[in-house]
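Here it is, the structure in full.
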Amino acid sequence: MATTRAARGNDRSSSGLRSAVHAAWPPLAVFVVALIAWEVGVRALKVPAGLIPAPSRVVNTLANQRSLFLENLGTTLSEIVLGFVLGFAAGILIAVLVVYSPPIRRAIYPLVIVTQTIPIVALAPLLVIILGFGIASKVVIVALGVFFPLALNGIAGLRSADREHINLLRSFSASRVQIFRMVEVPAATPYLMTGVQIGLVYSVTGAVVAEWPGAESGIGILMVTQYALSRTDIVLGAVVIVTVMAMLMFSLPRLVRRRLVPWEEAP
Amino acid sequence: MLEARSQGMLRVEDVSKSFDAGRLVALENVLLEARPKEFVSLVGPSGCGKSTLFNIIAGLIEPDTGHVSLGGADITGTTGHVGYMLQRDLLLPWRTVLDNVVVGLDVQGVPRSTSYPKARDLLARFGLARFEKSYPSALSGGMRQRCALIRTILYDAPVFLLDEPFSALDAQTRLLMQEWLLDVWDSLGKTVVYITHDVDEAVFLSDRVYAMSARPGRLIASVNVDLHRPRDYSARLEPRFLELKTQLVEIIRSEAEKSMAAELI
Amino acid sequence: MSAPRLRTLAVDVIPPLLIVGLLVAAWESLPSFGVNNRVIPPPSLVLATLADKAGVYADNLMTTLSEMVIGFALGLVVGLAVAFATVYSSIGRRVIAPFVVTSQTIPVIALAPLLVILFGVGIEPRAIIVTLGVFFPIALNTAAGLRSADREIVNLLKSFGADRRAIFRSVELPSALPYIFTGVQIGVTYSVIGAVVAEWVGSGEGLGKLMLLRQSALGIELSYGAVVLTAIVALVLFGTVLLIRRRVMPWETRDAGG
């Protein structure tokens, strides 16, 4: 039995790829068909480009207006990265404080639970009023959205450490720091990774939407301004970029997860 | 640090422990001794406080009264003197097999250049050399308990404290593990305190068997097992084995009945 | 009140309340630190405006609520339909799955400008955004819930000769309930965000529109008030669903559903 189990471990990567491809092709096929239908439909019905541009036109615009898109993408990406780092640090800090300090837990944990229902993005307009049109308000929104899953998952993860594992280390006379490093942190890592996945996916929409109330630059504000100019092709181009970003943010952590949490069994 | 631990007599003297503000008395005036290199077992009905006693000897909880000493030195409430093994293997899921078995030495600061060769040697002896880079999830229950045993051996404490380490395994694996344990104990000369509810196992393995009463736990009898060593399966077939086993079963049975009756109240 | 209960109250309820109190007090005192109360109006001012301009708030709240309700209702129906189709019909599963998978990755709210272009201003595009965002968690959770029914219990009932409907009613539906509620909770939270954010694009009315006001002192106060109101609406809706959940399924442990 043990041999088959060990062997299954090596097989994981090849079968994973196979099943991923197997799962991907129906949506892909549907997507391609939909694209073709769209292109044909727009041409045949002579739909005005300001209303629904053909996919070919969108691709064209993406290529021609490369620099416009890249510039704005750069701003939004920096909002995401900065916001993520901030939210990550804050989340971990609060998680550690809540788990290891009973007074802090009593004061803060209930607040964290309740405030997670408040729609963070709703604060965007206020932050624009307070912090101006620069990236600051967007960074805060992204940070808040990343903070919650990280803090909550971090707390759950640290608490998930098995009492008996801790006792085992204690029997070796391990110090509190050693126990933290050797048991509690590794136990929390899968939870934190999940928190990172949730946070990253959120941060794309968070940054983009946080730009709508006002921004100097960014994919989100590009959408809104170009919508007002009836440049639907640019708006669609921006939507494509946002979707690709979201997909990347969704799949990147999953790829990294295998390296950071190598002991997890494949589902 | 390892060198300083003496191989002396293990004494548990007058230990009592209660929980829930005195409402639950787990142990009452327990007196237990294990001479150096002796194999001592503890049998008793479930809920008799065996595990509480185990944790007290390991230094993980403090008794309300009494103390634990090793070689004359008081070790009550202090950790690091025993090698510890439970029914659950407690292998850390995020460490490979090799890293798991050296974890006790890692904590003690022993460099891996020293601990790895010893670990590999033991893994090879127990037939696990191929799995040194595997994670625990890839191993079967019996293999994992073997790793736990290796981890205990590597830590090299003078006393081994084993709490029903093989009871979750299937019968054949259990018999193999028992013989392995005796081999290890014989070659390393450790003091072993072994907890089990299986009288058969206790008599087979030990020099002496203590019987524990139902809650509140007290040690009510001590039976010397004078079967010759080294022991193999044939020992179980000797008439003396049956005598000793019967003696203990009688003592335990009435305690087990008391324990069940208490649960029905 | 007995001593232990009083103690729980003191230990568990007071510390967070104290922190909230401190934060509100700090917010209120900001003007005395030189913070322009046009940029950050103190809570007293915000509340005063809420009371003063209750009519304005009420009108806009109505707009946003109608977007949320219509969008959620539609999303609920579509979500449940998709869930049932994928669980009980293999053809359904194969046809629908690709769409569901794709809709999972496209950030729905980002489509708002597009939908406004297509459907013009008014509540339609906003309701659609809510629907698109709500149907997925409901579909996903409901499907998971229906499938969570213990196979062995189902087989047992089949051996008693129970028909499809009876099995559904007595096993599959009760097992699915916790999941459906979770999906509804997620959907309800999303509909607040979806409606409000969708209003940031294009023209029209609604709480989201109020939030964009910043040209005047009154505008800014209205903006803050709208955010506070939105937060309250989100909390109330979530809390209501949670309460209903506890009534319908009183056997669940305290952590279930949050």
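For clarity, chains are labelled A, B and C in written order, and residue numbers in each chain start from 1.
FYI, a contact is a pair of C-beta atoms (placed from the backbone, for glycine too) under 8 Å apart; a residue touches a chain by one contact, two chains touch by 3 or more.
Keep in mind that what you see is a predicted model, and the values were worked out from it rather than measured.
Between chain B and chain C, the least number of touch steps comes to 2. If each chain is reduced to the average of its C-alpha atoms, the one that sits nearest the average of all protein C-alpha atoms is A.
The greatest centre-to-centre distance from chain B, using averaged C-alpha positions, is reached by C.
The busiest chain interface, judged by C-beta pairs in contact, is A-C. If each chain is reduced to the centroid of its CA atoms, chain B and chain C end up 54 Å from each other. Rounded to whole angstrom units, the spacing between the C-alpha centres of chain A and chain C is 20. Note: centroid distance chain A to chain B, computed from Cα atoms, is 48 Å. Of all the residues in chain B, the ones that touch chain A in their complex are 55, 58-60, 78-80, 82, 84, 86, 88, 90, 92-95, 103-104, 106-108, 130-131, 134-140, 143, 155. Listing the residues of chain C that touch chain A in their complex gives 11-12, 15-16, 18-20, 39-40, 94, 97-99, 101-102, 105-107, 109-111, 113-114, 116-118, 189, 192-193, 196-197, 200-202, 211-212, 214, 220, 223-224, 227, 230-231, 234-235, 238, 258. Residues of chain A touching chain C in their complex: 23, 26-27, 29-31, 51-52, 103, 106-111, 113-114, 117-119, 121-123, 125-126, 128-130, 204-205, 208-209, 212-213, 220, 223-224, 227, 232, 235-236, 239, 242-243, 246-247, 250. Residue ranges of chain A in contact with chain B, taken from their complex: 1-2, 5-6, 8-9, 162, 164-165, 167-174, 178, 182-183, 186-187, 189, 261-263, 265.
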